[in-house]
Each structure stands twice: as structure tokens, then as C-alpha cells.
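Chain nomenclature is as follows: A, B and C, assigned in order of appearance, with residue numbering initiated at 1 for each chain independently.
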Amino acid sequence: CLLAGSAMAQSNVTVQGLVDVYAGSVKFSGDNGARSSVNSGGMTTSWLGFKGVEDLGGGLKAEFALTSFLQADTGASGRFFGDTMFSRDANVALSGSFGRVSIGRDLAPNFLPTVIFNPFGDSFSFSPLVLHTWVPSGDFGKRTWANSAAGDSGWSNEIIYSTPDINGLSANFHYQFGEKAGDTGSKNLGFNAMYFSGPLALSTYYHQVQVGNPTPGAIVDATAAPVNFAAINNQKSFFVGASYDLTVAKLYATYSKNKNDTAVAKSMDDKTYTLGAKIPAGGGDILASFASTKRSGDLVGAELKRDTFSAGYDYNLSKRTDVYALVMSDKLSTADRANSVAAGIRHKF
Amino acid sequence: CLLAGSAMAQSNVTVQGLVDVYAGSVKFSGDNGARSSVNSGGMTTSWLGFKGVEDLGGGLKAEFALTSFLQADTGASGRFFGDTMFSRDANVALSGSFGRVSIGRDLAPNFLPTVIFNPFGDSFSFSPLVLHTWVPSGDFGKRTWANSAAGDSGWSNEIIYSTPDINGLSANFHYQFGEKAGDTGSKNLGFNAMYFSGPLALSTYYHQVQVGNPTPGAIVDATAAPVNFAAINNQKSFFVGASYDLTVAKLYATYSKNKNDTAVAKSMDDKTYTLGAKIPAGGGDILASFASTKRSGDLVGAELKRDTFSAGYDYNLSKRTDVYALVMSDKLSTADRANSVAAGIRHKF
Amino acid sequence: CLLAGSAMAQSNVTVQGLVDVYAGSVKFSGDNGARSSVNSGGMTTSWLGFKGVEDLGGGLKAEFALTSFLQADTGASGRFFGDTMFSRDANVALSGSFGRVSIGRDLAPNFLPTVIFNPFGDSFSFSPLVLHTWVPSGDFGKRTWANSAAGDSGWSNEIIYSTPDINGLSANFHYQFGEKAGDTGSKNLGFNAMYFSGPLALSTYYHQVQVGNPTPGAIVDATAAPVNFAAINNQKSFFVGASYDLTVAKLYATYSKNKNDTAVAKSMDDKTYTLGAKIPAGGGDILASFASTKRSGDLVGAELKRDTFSAGYDYNLSKRTDVYALVMSDKLSTADRANSVAAGIRHKF
């Protein structure tokens, strides 16, 4: 076995990751019943990976990251069946005073604003904003609700230019090649900007998505009924978010809008707002967040609505390990309210 | 490359594993012919993984393990096509004076008693007890003999509580969630207990299996003919094992019983006994083991029988590396006796 | 995270790898159009892996390697869909004064002579020799040109004996088991030899391939039309290569011949020659190489020809990181000339 010191210089590679597993009863609105489960990723999607930074001199650095999502409940690799091994990160970058250029598979422009501007962070299981943005409800092939954001939270075949931080303001410009023979029109592009100043933080993103991820395919969800979300082939998305830290509580608010065009001459619009709070208490944080999405357009017929509320307590056993207990309530306008409870542990390494 | 010292403190991650490869001629009773092969895992299934322990203070520790089986003859991941990436371990645990609670994918209750109480350990290639317990004979879809134990040697979606060691006695309690919507009745559960006192060791396990692993599916083997093992949907299994170290030889004996119910109102019972010996000689060990299983019940018709005998010599080149040579003889009551020979190398890191 | 020093002794495991990503416009002769892309492996196929060496005393060493190819543009594991996880290396070896014996998945005999005796090394994207040898053109199932070498650049189920280096001369003998029940006739075998003396280097290889890799299947390409390459079931291949370093330029030349027999009583012969040069300039190297293959035999009908030329500049940012810009021109006798351009970065760790 390899036992390595944690405070050494001259390293080429760091092995990093996170295992987050919870037990609970999970039911989304529209599900046939609650599911008593051990699941992976209650607060953060479990992952494992390899990173490194090389100092090239003159302020220039080469960096790489190869990181994998994993499902610690079954040991499966990736976030879902068919995900790529290194879908979390597979990229190499050069950084310097000019900023940073990354090439490979990397974040989508909507990732950082979404996970930074809600109190549940990157919880793909219980964050109302993250659920509405990226996680479809219902079984594969029989979705009861499609995620709002097209084209995944990470993009393949991508080049990112990141500006330096200028007085708390920074921006990232993303471009994904469509890689179709003889066609340079099909592509994904977008940007985000974030501003941090004392207790205040602001964020925005915009993207236009035409290309599926992590490998070619439908950009929203491969579901044809009851709504043919798989027909969506072009999405324009816009988001603003803000947070303010009052010390006794950190407050969050976001608003986003997704306009979807399809191959069947119909459209779909999603409008989502969220509110949230993180309240330090007893060595941990009380977390609460609400998200509401209105879905309209002739692709879906009558307007649909989804409301999701989550609340919980996250207690730090150490800087690397925390335990949490959560409740969630989810309601589609077309189905009964459904409630979930969960308790879990998250360990970083 | 990362060169890391092996004797450092403050480590967050250890990289560990084992590569075991052998060349030989392998034939199980019922096979059409012998197969000249280079195969992986003659003595131990090859694996690679990442583990860590964090001291949380007050005797409390957080631990994680992410480990993968692999086939070093082809480079394939997992034990078989469709196995999950981290099917060996994908779990996080808290341990302290109360014992240890693990959550995620981890051992099944039958694993430790089976591999500790036979001289070939966890050899899924040549240990008679391990072969009868977990390894089906014949090609996929055309099995000539189904393994006795249902639900894999590791369980997904699992919680394990392990007692502290009390005067040599310890026990592990296992529960796997069935994860069916609206159904909490479908599950796996079991326990094992082990007692170590000087030269004597004793063990027992019990399990009830209703859920397939590593992902949902048949709990025994997806074979429909000549015997519809795939119809088995509930197994109760009981085992006792003992070993005694006479210094000139360590002797092993086990007895186990598996009662299987099916979806087609038929049943199948397996009764297995094994005897074994490990004899230190010349810097290594002479190994010998015999397993005999009787299979009865209206699912199989006339009673079937399987006898398997293995013998070999395992020589230590170092604490981390050994070489071995083995012979095996396998006999089904319905097919001719078949013999195998193998020589291999096992390297731990 | 694991931060490890790079200059430590007593290590059991090293974590190594390489990420190489480029952006460009790629078109092979016969393709429908150019593809604007971010791709992995412009100069070297990206990989990640684990290696270790144990000193057993008396000059004897145990070594292991578990290394994976990966596609850093999508994060996919392997070189192609269906590749095994550790297709680059999954082996254990004993080495000493007698040479070295390796067992598991490892290099094919044609690998080292091919990648050492051309200026683009192991570039599976732009080296004319490597492209002609191993990389088919056209989409899967609709190949416009099949690779010349059968049975992959690595072999599964393999034993390699490597001689010690004797005055610059060394050789490797390779044997892959066919692993068919009751059949020891189906196999791969081959050898290579290399000689290094001052500025001069010479190489040769021979192989006979009957077994597909990394797992059983067609030995050349699973394409049935316009040419039924999948019918090829036996290939004999012969190669000679030389390089001479004039200091101002290193010159390369190779000649190879592949004779293919099929299950349909037709045959196919490939004859390939290449010329190349590497010219040190300005902290990097100017690279240029040309490969020409003539393909004949009643399997293909009228003789076919393929010419490929690549040129570029590879600049070293450090010993571990280089950037490169390349052009390539490819011409099949049956299709129009096609040109490619690419710029990328390669980072070793």
C-alpha cells in the first residue's frame, strides 16, 4: 500500500475524492411509492480522481484533472448507466497572468453559479435548485418531469477561457465542438460571471445548447412520452443569482429561464426561482431551500408546475467529514405531494 | 509519476491492490474440453483500490474504501461483464468503542467465514469451498452447475454493524435494502460470528437473500436450462466452520446448507461439507482441500452431486509476492471427471 | 487529498499518466467532411495508471503495471467503446539476470518497433506509420480503409520473455493463448529485436495473429463491406526499421509486409514503407513523416493504395509538458485527398 505524507512539495499527482452515502426513504411527486434505500451522494456526488499542477516558470502553470463520479451504493462508475469514466473532469490547462485555458471535458457554464448560489451546494439528491436544473424525475423512459437544463452539468470536447479575478469579478467562457463531419454550426456555447465582495455575491450565466453530453444524444432526456422532451434540440438558458451573508444566516436567491426549441416545431419554456438560507448552529448548519418551476409551451400543453422544498441539518465531525439529516417535499401540479427523509455521512479525502 | 514513501504519517489515501495471474489448463466437470489459458486470480481475485482512515478524536474514526476487482489477463474491470467498477468496496464507515457502522457496497455475511475457513482462502479459481459457494460452472446461459450461494459475495445498498472484538469473539450484522418503490419487504439480511482463541477458530453465518447483486437481477444465476436457477427468489443459508492449528498442519472443516424457494413453487436444497489442510514446508505451504455438495429438491429432479479436490504448493518470494502450482479435480454426478493444472504469481502492493 | 513527494524511496506504487488534448479540423481521405473537434491523444494516447517494483533480493524483482487508456475529450475510458479498462497494461513480471518474464495483458510484438522507428512516436492520431498500422479510417461498420496490423497493439492472455540487453541488442518473445476449449492451435505469437549503437538503431518484428484483442472477436476490423476485412483470420507480419541520428536531424525508415488469409479462401497483402525526420529547432523538434501502403489480393480486387504525410512542430514547455502544431494530408487511391490541422498540449505526470 501507498502511504503518503500530506504536506510534501514537488508533487506531480494528488489522489482526491469524496464518498457520500445516506440511508432514507425517497419519493418524488409522480413516483408510484416511496423507496427505502441506501443511496450515494446525498450532499455531494461521490467521486474519485487525480489532479496535478506543474510550475513551468514565468508564472505559467500546466494543470490536469482526471476525476470520476461514482455510485457508492452499488460501486458503479459514473452518475448513471452510460456515463463516461472521467465525466467529472478529463482536461489539461495552461494558466498564467492572462487567465486560464482548459481543453477536454470540464464544467458546463451553468455549474458553478447553480451550486454556489444555493445552500445545498452540489447535492443532486436534495438541493431543490439542482434537482430542477439537472435531475429528471421518474424512471428512465417514463419520466414524470424532465430536468430544465440541457446538455449536462459538464461538457465534452470543450475549450474554456477563464479570466483572472479582477477585484472579486471573474468570468468563464465555454465552447463545445459539435464534432459533426462537414458541420461547424452545431455546438454548445455559454459563459458565466461571478462577483464576490465581502458578504455579497452575485452571479449570472447564459448558454446555448445544441449538443448532447457526455456523448452524443438527446440534449434534455431520452423520453418520448408523455412529453417528447427528446425532441428538444436547442436550448437558450439565462440565470441570475445572489447571496448575502448576514453572519447569523446566509441568504440565497436565484432566477432562471430556459427557452427550448424542438425538431417538431414546438417549444417549451421553464422559469425557475429559488430562495434559500444557511444558518450556522451548534457546529453545523441548518439548511433550507425552496424552488418553483413553471413549464409552458405547446410541447407540454397546459402549464405545468413543480415546487420542491428541502430542509436539514449538516453537522461537521471534522473539516473532512460531516453527517446530515434532511427532509424534502416535492409537488408536481399533475401528481400528489411526495416526501422524503434521509440521514447520511460525507467524507472527503 | 508519484513516488510515495511507505512509512509516512498523516495520510489521507492509500493506494493498494494485488495482481495475481497464472497460466494453466483448466477444465471443470461438464466442460467440452480443457482450456489452455492465461487467467487472472488463481489464488486471489486481482484488485486495485483506495482506502483511508481519519481520526475524528475521542476514539471515533471515519473510514472509506473504494476498491475494484479486475481481470489482469485481459485488463477488463470487474469480475465479469456487467460487474460494477467498485464492486469490491464502495463504502464509508464510522468506528469507535461501540463497534463500526459501514454504509454502501461492502461484504456479504458469507464472505469472511468462507474465505477464512478453507486453506485456499479467497481463490475463486481453485478453492473447492469458494467454487461450490459462488462460482457457476459452464458457459453463461448454459450452466452445468449453479453456485450454491445467492446474492453475491458482496452486497450493494448495505448497512453493516460490526461489534467490537470481545475476548476473540466478534460479529457482523448485514442489511441490504431492496429499493423497490412502495415495497420494504424485499431485502437481504444476515450475520456472521467468528471466534479466535489460540490454535482454535470457529465461525458461523446465516443469511436470507431476496435481492440480486451487484445490481438488480436473478439472485443465483440467469440460467433457465437445464435447471431454471433464475427462478430462485429466496434463499436461506446456514454455515459452520472450524479450524485448528497443530503447528505441523492447520486443519479446516465446514458444513453449510442452502434452502432455495422459487417463483415456480419448486425448491432446491444444497448441503456442502469441506475438509482442508495447510502444511508449512520449505518457505511456503502445501495446500489441500476437498468439497462435496449434494443438491436435491423438485427444481432439479434426481439428486445431483459435485465433488472437487484441489492441492498445491504456495511459495513466498517475499511478504508481498508468492508463486504457486496447483492441481484440481472436479466431478459432477452427471458428467465426467475433469482435471486442471496451473502455475502462477501473486503480487500485493 | 494525497500530496506525495516525487523523490522518495521504498515506494510500492507509483501513479503515472499523460493527458494529451488537441483542437483541430480532422479529415481522412474517404470521410464525408472535415470534423472540427477537440480530441484526445494528438501525440500520445492519454492514459492513467499504477506501477510498482519490489526488490526480492539476489537481483530478482517483481513488477506490476495496471494502466488505462482514456479519452480526455469526453472522459471515456479506453481507446474505443468496448475496450477493456486496463487494456494498456495489466500484468505482473519477474525480472533478473535471466531477463524478464511477464504474464497478463501487455504489449504486442509490433508495438515498440513501430513507435520507436518513426518521428511521431505513438501518435495514433497523426503518425503516418501508426495510422497505417493500427487505425482504421471511416466510421465503425463503414470502414473506408482497414488498419494493416491484426490483433491490436497489445495482447491479452499473454506471456512475454524479454532477453537482457547484450551490447545494445535485445529481443522480446510473445505468446498469446487462444483460450478455446479443447483447442490449443488457435494462438498469437511473435517476437521483436532491437539494436542500439551510438547514432544507429535497427529493429525487426514478426508476428502470426489468429486471436482478436482485447477480447475475442475479428482480428482486423468488424467491417463486412465494401471489403470483408472481418473474414481475415490469420495474419503473418514482418517489419524492418532503422534510424540514424545525424545530430542536425534524426532520420527514420521502415518497411513492413502483412499477409492475410481469410475464412472465405481469399487473401490480402499489405506492403508499407515509411520515411521520417526529426529536426531539433528552437527548444523543440520539427517532425515530418510519410507512409505509403499498397494493398492487393483477391479479397480487395483491384490494388489499393494509401499515402499519408504529416509534418509539425513540437515545443517543450518543460520535460513534462509540450505543445504542438501539426498538419496531415491523407490520400486513398479510391477517394479525394483530405487535409487536417491540429494544435494541442501533452502533459505527463
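We adopt the following convention: a residue touches a chain if its C-beta (ideal position, glycine included) is under 8 Å from a C-beta of that chain, and two chains touch if they have at least 3 such contacts.
Since the structure is predicted, the reported quantities are computational estimates derived from the model, not experimental observations.
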item	value
If a chain touches chain A and chain B alike, it appears here	C
Copy-to-copy rotation for chain A and chain C - C-alpha atoms, rounded to a multiple of 5°	120
Classification of the chain B:chain C interface as same or different, half of numbers criterion	different
Chain A and chain C: spacing of chain centres that average the CA atoms, whole Å	38
Inter-chain centre distance, chain B versus chain C - centres from mean C-alpha coordinates, in Å	38
Where chain B touches two or more other chains at once, by residue number	1-2, 4-7, 11-13, 15-16, 349
Touch list for chain B against partner chain C, complex	1-7, 11-13, 15-17, 19-23, 27, 31-40, 46, 48, 70-77, 317-318, 320-321, 344-345, 347, 349
For the chain A and chain C complex, residues of the former touching the latter	1-2, 4-16, 50-52, 54, 56-57, 60, 62, 64, 66, 68, 84-92, 94, 103-105, 154, 156-159, 176-184, 214-215, 349
